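In order of appearance the chains are A, B and C, and numbering begins at 1 in each one.
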Amino acid sequence: MSLDVLWAPFVEFAFLRRALVGAVILALSAAPVGAFLMFRRMSLAGDAMSHAILPGAAVGFLLSGLAILPMTLGGFVAGLAVALLAGAVSRLTAQREDTSLAAFYLISLALGVLLVSLKGSNVDLMHVLFGTVLALNDDALILIGLVASISFVGLALIWRPLYAECLDPIFLRSVSRSGPVAHFIFLGLVVLNLVGGFQALGTLLAVGLMMLPAAAARFWVRRLEAVIGLGMAFGVLSAYLGLMASYYLGAASGPAIILVAGIIYVLSLIGAPRGAILSRVLPARHRVA
Amino acid sequence: MHWLALLISLLLSSPAIGAPIQAVASFSILGDMVKAIGGDRVEVTTIVGANADTHVYEPKPSDAAAVARAQIFFVNGLGFEGWMDRFVQATGYRGPLVIASQGVTPRDFVDDGVTVTDPHAWQSLSNGLIYVRNIRTALCRIAPSSCGAFTASAQDYSEQILALDVEVRAAVATVPPAERKVITTHDAFGYFGAAYGVSFLAPEGISTDAEPSAAGVARLIEQIRSTGVKALFIENMTDPRLIEQIANETGITVGGELYADALSFPGRGAGSYLEMFRHNIGLLVPAMKGD
Amino acid sequence: MSGIVLDDLTLGYGGHPAVHHLSGSFAPGSMTAVIGPNGSGKSTLLKGLIGALKPLGGTISRDDRALAYLPQSAEIDRAFPATVSELCGLGLWRKRGVFSAFGPTDRVLIETALARVGLEGFARRPIDTLSGGQMQRALFARVLIEDAPLVLLDEPFAAVDERTVGDLVALIEAWRAEGRTVIAVLHDTELVRERFPQTLLLAREPVAWGATAEVLTPANLSRARAMPEAWDERAPWHEPHAHEPPHRHEEHVH
């Protein structure tokens, strides 16, 4: 067994090359978003939003079948609507955003399941929920590329208010009105990445690629920029190893990628300096002053 | 005057006079054949309608009611209708049960590692002739006075089948022998393949419901490359985008919808037994040639 | 100018007033301590002044938009991986806005501010390693950096040792000398008596407001202590203009 087992499948099969490219771009795009979700203590919001997208994608699917543009547009609109409504309710009433988000995403999800059951069978719903990274056609790759570009630019634009909201939201409110705007744009970027991700991995697994690498990175490094960088690296590694597992072991591709990300997380939990074990076991050193 | 009443009631209940024979057929293809032979003298109710799957069908109460009323019940046999025995028992039907495939030489195939009898005998037109014979005999037995009409229709229909058979063989002949193969998920073309010399290969690596793995997709691509197959007939399965991806990578064409177990809805191109054959050939032959 | 004028201001939560019927003004360049028992509405008043709370009644008129606010430090996310320099750097927001990057002059500014509060060398320290007193000083540094004409401080000396308190009050006096208006919520009556020229004694309703010596009289202080801390769920709703002036606040319950 020579070294080219590491890249031979990708050389031989075009579909695997595209899968790798798509998954890697998604990993790079989603990691910073996931890192911010984590730091803002909104880790579960990603999962909630992935369910919120469903009726929009379902409507797109009912109208035009498994076509990229309608499903993407529909999903994006639905996700944004839920984010907007949740935000509005939390600002206009005493209810907090995690509650209003839960309320609206559940409504959205139920609507989505109902809509799909009207026309499609169970198999069709699965297609909407679990896309496959092995079937990324040109349109899908372009979409993923677009999502990543918008995501990077968007994050750069709202970086400072996002950062301030993580660190000292009251202070931000006292100096600027950009807080709520940045928050809404950020949720928009979450939805965008999920919508891009569901083409490749389906709505449920797209969240995995967003959260797991960043969460694992947190066990190694502290700083925001470092978590983002390491999260991207872990995401790319998960994409590569997951596809390898799918090829050499015959595992379903999407779940394989996410499971690899999960294994990285568990290994980090066990073996990283900030993980569960080393932080207790290593002798603490201190300087003289 | 009891004898007059008896005679009248006998005459009235005889299928030969006035009321058409109430016949039930288990599935659409069979129903079409019965109608072709019985004509106006038979009213056919079909249990498993167009585009439906007989293998997994679950009979409804209305189906049971139709059978209970029926005077004659046609089924395919050869294990096609797995639910049939319990169903017939449940309806309390005691009339004639006609097995249309009686007399056919069955073939076997391997389904999930188990060797079973292939029930899709009608996919060979010469078997179709056997079906016609069986149907005609059964109808004549139940309505002897109309037997003349049944025989004439059956004769006519058989001639059409024979002509179609010649057509099919001629069409297949235009495909070079080495290229007479397709990949399809349908397992219903065994008799067709044996009769007309076309190989129907099962796709390796991907299945209807399970999420595909890279290994599976790679295996299918390799199968396509190594067998030199030019056409893929895989519908209702997995992700059509995945099939598109495979087609792009191998240069293979993705074929349209083949009808194997059932007729299409009327007007969709495969609304009768004969139409179905023509439709399938119309798709298979160009696909095999790589058009 | 950086004064604030209050007119019959009522601030509260859920229909219950935490501060009510407060009228008066913070003159530009004044240095006022806001003092009172627990639950007397002092923090609420500041939140209203910075615009975080909408008044239930009355108005707040503020000349200047720019203010520096030092909240009670518990509201900062200590777990967030920021350094002292980054925390203080937030103070440059008004100058730099959302987009422009920090330059070398900004770094010098931050270092200077840290030095003035006695935190030289702390720039790169993660904020979760700071003691309570150090955090307070860092927040003071941030206020320094903000360089605003109006400064509002909410319990600025909580968890701070006496020596540091002295240094920080000197800083506040320097601000006043620079012409800024300072309002500080405090607990320590003695400190107020010694260093703050103006005082607002609050017990949900204003007890007294003016020069410290006149406000912090034993009579006023015992009146303030007698204020009920709890809200009365059965209190009748307030009718505007329902009573004729003059009246004494002890006579009706809100």
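The working rule: a contact is a pair of C-beta atoms (placed from the backbone, for glycine too) under 8 Å apart; a residue touches a chain by one contact, two chains touch by 3 or more.
Everything numeric here is computed off the predicted structure, so don't read it as measured data.
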Both-way neighbours, i.e. chains that touch chain B and touch chain A: none
Two chains sharing the most C-beta contacts: A-B
Centroid comparison with chain C (C-alpha atoms), farthest chain: B
Central chain of the complex, centres being mean CA coordinates: A
Cα-centroid distance, chain A relative to chain B, in whole angstrom: 48
Centroid distance [mean C-alpha coordinates] between chain C and chain A, Å: 41
Distance between the centres, which are taken as Cα means, of chain C and chain B, whole angstrom: 86
In the complex, chain C residues that touch chain A: 14, 50-52, 67, 69, 71, 75-77, 80-82, 86-87, 90, 93-94, 98-99, 126, 146
Parts of chain B lying in touch with chain A, wherever the complex brings them together: 208-218, 221, 238-242, 244-246, 248-249
Touching residues on chain A, where the partner in the complex is chain C: 39, 94, 157-158, 160-161, 164, 166-176, 178, 222-224
Chain B partner contacts - residues on chain A that touch it in the complex: 9, 12-16, 18-19, 66, 123, 126-127, 130-132, 134-137, 140, 243, 246-256
